[in-house]
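Below is one structure, written out as structure tokens, with a few remarks after it.
The letters A, B and C name the chains in turn, as written, and every chain counts its residues from 1.
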Amino acid sequence: MSLLGIILTFSLVDNIVLTRLLGICPCVGAPGGMRAAVGTSAATALLMSLSTLAAWVLETFVLQPLDIDFLRTPAFVLSVAGIAGFLDWVARRTVPQLLRLAGIPLAGIAFNCATVGVAIIAAKGGFNAPQSLLVGLAAGAGFFIALSLLTAIRERLEVEKVPEWLRGLPLHLISAGLLAYAFMAFDRAFLSRLFRGW
Amino acid sequence: MWTACEAGNGWELCAIMTESNRGMASPQLAVSPAPHVGGLASSLRLNWSVACCLLPAAAWGVFLFGVPALEVLAVGVGTALLAELLTGLAWGRMTVRDGSAMVTGLMVGMLMPPGVPLYVPAAASAFGIVVVKQSFGGLGRNWMNPALGGVVFALFSWSDAMSRWLPARGAAEGAAALSPLSALRNALAGGKAAHGGLLALLGANGYPWSAADGRVVTWVNGHVLSILGASLPRGAFDMLVGNIPGGVGVVSVPLLLVGAAYLLARSVIRWQVPLTYLVTFCVIAQLFGGLPMGRGWLAGGMLFQLFSGSLVLGAFFMATDPVTSPLTRWGKLIYGVCLGILTFFLRYFGAPGDGVPLAILLGNCLAPLIDRSTRPRARPSGKAAMA
Amino acid sequence: MTPSAGFTKGLFRDNPVAVTLIGLCPAAAVTGRVIDALWMSVGLIFVLVLTRLSQTILQAMLALTESASQSSPSTEARPFRWLGSLVFASCFTASFELILLAFVPDESASLGIYVPLIAVNCIVLERFAASGNREPVRNIGRDIAKSLQESGGLGVGFAISLIAISLVRETLGSGTITLFPIGSFAGTIEAGNVSLAPARALAYAGGGLLCLGYLAGAARLLGRLKGRRLEGQGGTEAERS
């Protein structure tokens, strides 16, 4: 897959939140405005790209040669957790004020099924090292798209008088569902026609 | 976006939204005085004028396609009204009388192919009203256009039924009824090439233009255009008037434009979104549209694109929905441009069909974000750039 | 608290998917078919119960060694406890993956990446659980029983939610109900007239999120109605919001 193809696939066509349905909890559940959304997305994108790279390293140099891919889950989960912890530690040491100001949550929040899921998808996709990194970044970009759209919708919903039984998370989930339908406009056929047409 | 309402600028569209929910508006919103204050009556007038402006095009669809079209429209409107009634009963708030469900149902019906099984418009209307509108609190509180939400739901649920068309009046017998866009896709995929524009291409591939079209085009070519040395291709009259297979209410562009002109004149809808939408789309389509077709630059056939599919209906009646489009002036312009770009990509590269419903749906998703970015930061007493 | 109260708590009142709203990713993603929901629930129960059990036993062992050395349990042990549960969870998930691959490979293919992701499911990692096992261990047997009950209750609650969503989604979205093939039963039930023209949009990603949202809303509505009824009877049941 070409680089542009990877970017478009993992950010739009196979959007990690709206198509693969990973990372719903931080997108739908997390409170906070657009700043927190940007911060969460940045942390998630960083963690995703490092995780996909680590996943590629593990897959290429450990799992395949030793024929132990049944250990993929523990290996990936623990490596992603380790990277998340490391990023957390680095952030606390270097830019604690920035974190407080910008409201960026610590990297611990970025560790969720989306990050591990992307690592697994990247490893199974047979990409090489730079492509794996790009997969992580593109997935992070897709996460950002979904999160920012949902945050804007959520901010709009907060001032409305919605049915009480649907207020809050249920309505956010329904909005995410409608968003997912809209994003079905970007499918694989669209991508292949886009590249073929030009 | 609520700063405008709080400031009491008297921006009438915001006032209509709050007025129609008089007594239900949340305390922090100021119900600002507007030219047409009237609460329920004002909302009903608004929706009734929109419905009236849609009726000529809908009537044309019934004239063209007959009873199936009428059934589709009736089911669409009926289900929408029923759904609004039932949800109103369950919720204790009757909003059926404000006419918005009728407009939603009418739009759903108009976007449907005429021969479609009746559970499709029923499901689309019900989904639109219950899930897209009422779940969010009813009129003014939804962020997605209910009619479009329902139509896209139907598009994904019953995609083969939604792409089966009925032939136009007087079309040549025997040929399968294809909408111009589908026929164009087929022709480009494996049909015969032709000189001239897209209509010539369709003609070369056997598109069944009507006999009336043949007569009119020949007459015009012979008596008028031969003086100028130009000629109209076969199919120009059919496309112009709207005698083509397509959705019930979307085929007749002139009638839709008449309705839209009335609504614009009465300031029910604003010109910013439709104008930017159509201009952006036409420019991009004309410039780049020919490239994926292998016809080179500046050969996109923008007139053909304008008259096919639900572009005009979408641009004037759906993209202008004040509830689901941005409020600020700059927001509307950006929104229009985004819609133009999205429609171009989805129509040329997306799933077969009209890119318009999905493009406007994506625009609805972007609208809160656009609103947020173009929100005026000036003090309420300052000069806010509101449309 | 009665012995079984821990179990029933997770079933409806504290149902993880419908009420507490954690562990949502598989709930939206694998509920396209009933059989997928069933196997995902089995997997989650397997991993959840075993992980919590291992955690409890480990904690008991640590508490024993701590009490032997007369030192107080430190609060800094918490991130390591989290890491411990992560190790347990991922190992048990890997085991379940292999079991699935061995006995029902079709299902393994159908569930795809959601099986490995059980390891990072929020329910399993009790990231947001109110009941942190922070009390000192007094009775190992009782703690083991309690953790079994709670995790069992959460797991079965998860299963109930998932099966509810998948019944709606598959019936309306594909017109079928897919179950285990037993004997002469091929495993798929056709759902009457709906199977002629199902609303396929419900089988897609958006449909999962919509059903999940309405389930959560319905759970809240039921909670409110129940609370109102009990309040009318002078009950002390607090309203679930």
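Note that in this section a residue touches a chain if its C-beta (ideal position, glycine included) is under 8 Å from a C-beta of that chain, and two chains touch if they have at least 3 such contacts.
Model, not experiment: these values are computed from the prediction.
Just to note, of A-B and A-C, the chains joined by more C-beta pairs in contact are A-C.
Of all chains present, the one whose mean CA position sits nearest the global mean of protein CA atoms is A. Note: centroid distance chain B to chain C, computed from Cα atoms, is 44 Å. The mean-CA centres of chain A and chain B are about 34 angstrom from one another, to the nearest whole unit. Chain C has its Cα centroid 23 Å from the Cα centroid of chain A.
Counting only residues that touch two or more partner chains, chain C has 201, 204, 210.
Contact of a single residue of chain A with at least two other chains is seen at positions 163, 166, 171, 174, 178-179, 181, 184. Shown for chain B are the residues that touch two or more other chains, namely 131, 153, 156. Only residues 197-202, 204, 210 of chain C touch chain B when the two sit together in their complex. For chain A in complex with chain B, the residues that touch the partner chain are 34, 148-149, 152-153, 155-157, 159-163, 166, 171, 174-175, 178-179, 181-187, 189-190, 193-194, 197-198. Put simply, chain A touches chain C in their complex at residues 18-25, 28-29, 70-74, 76-78, 81, 111-113, 116-117, 120-121, 124, 163-166, 169-174, 176-181, 184. Residues 1-2, 21, 24-26, 28-29, 91, 131-132, 134-137, 141, 143-144, 149, 152-153, 156, 291-292, 345-346, 348-351, 355, 358-359, 361-362, 364-366, 368-369, 371-372 of chain B touch chain A in their complex.
Touching chain C in their complex are the following residues of chain B: 117, 119, 123, 131, 153-154, 156-159, 161.
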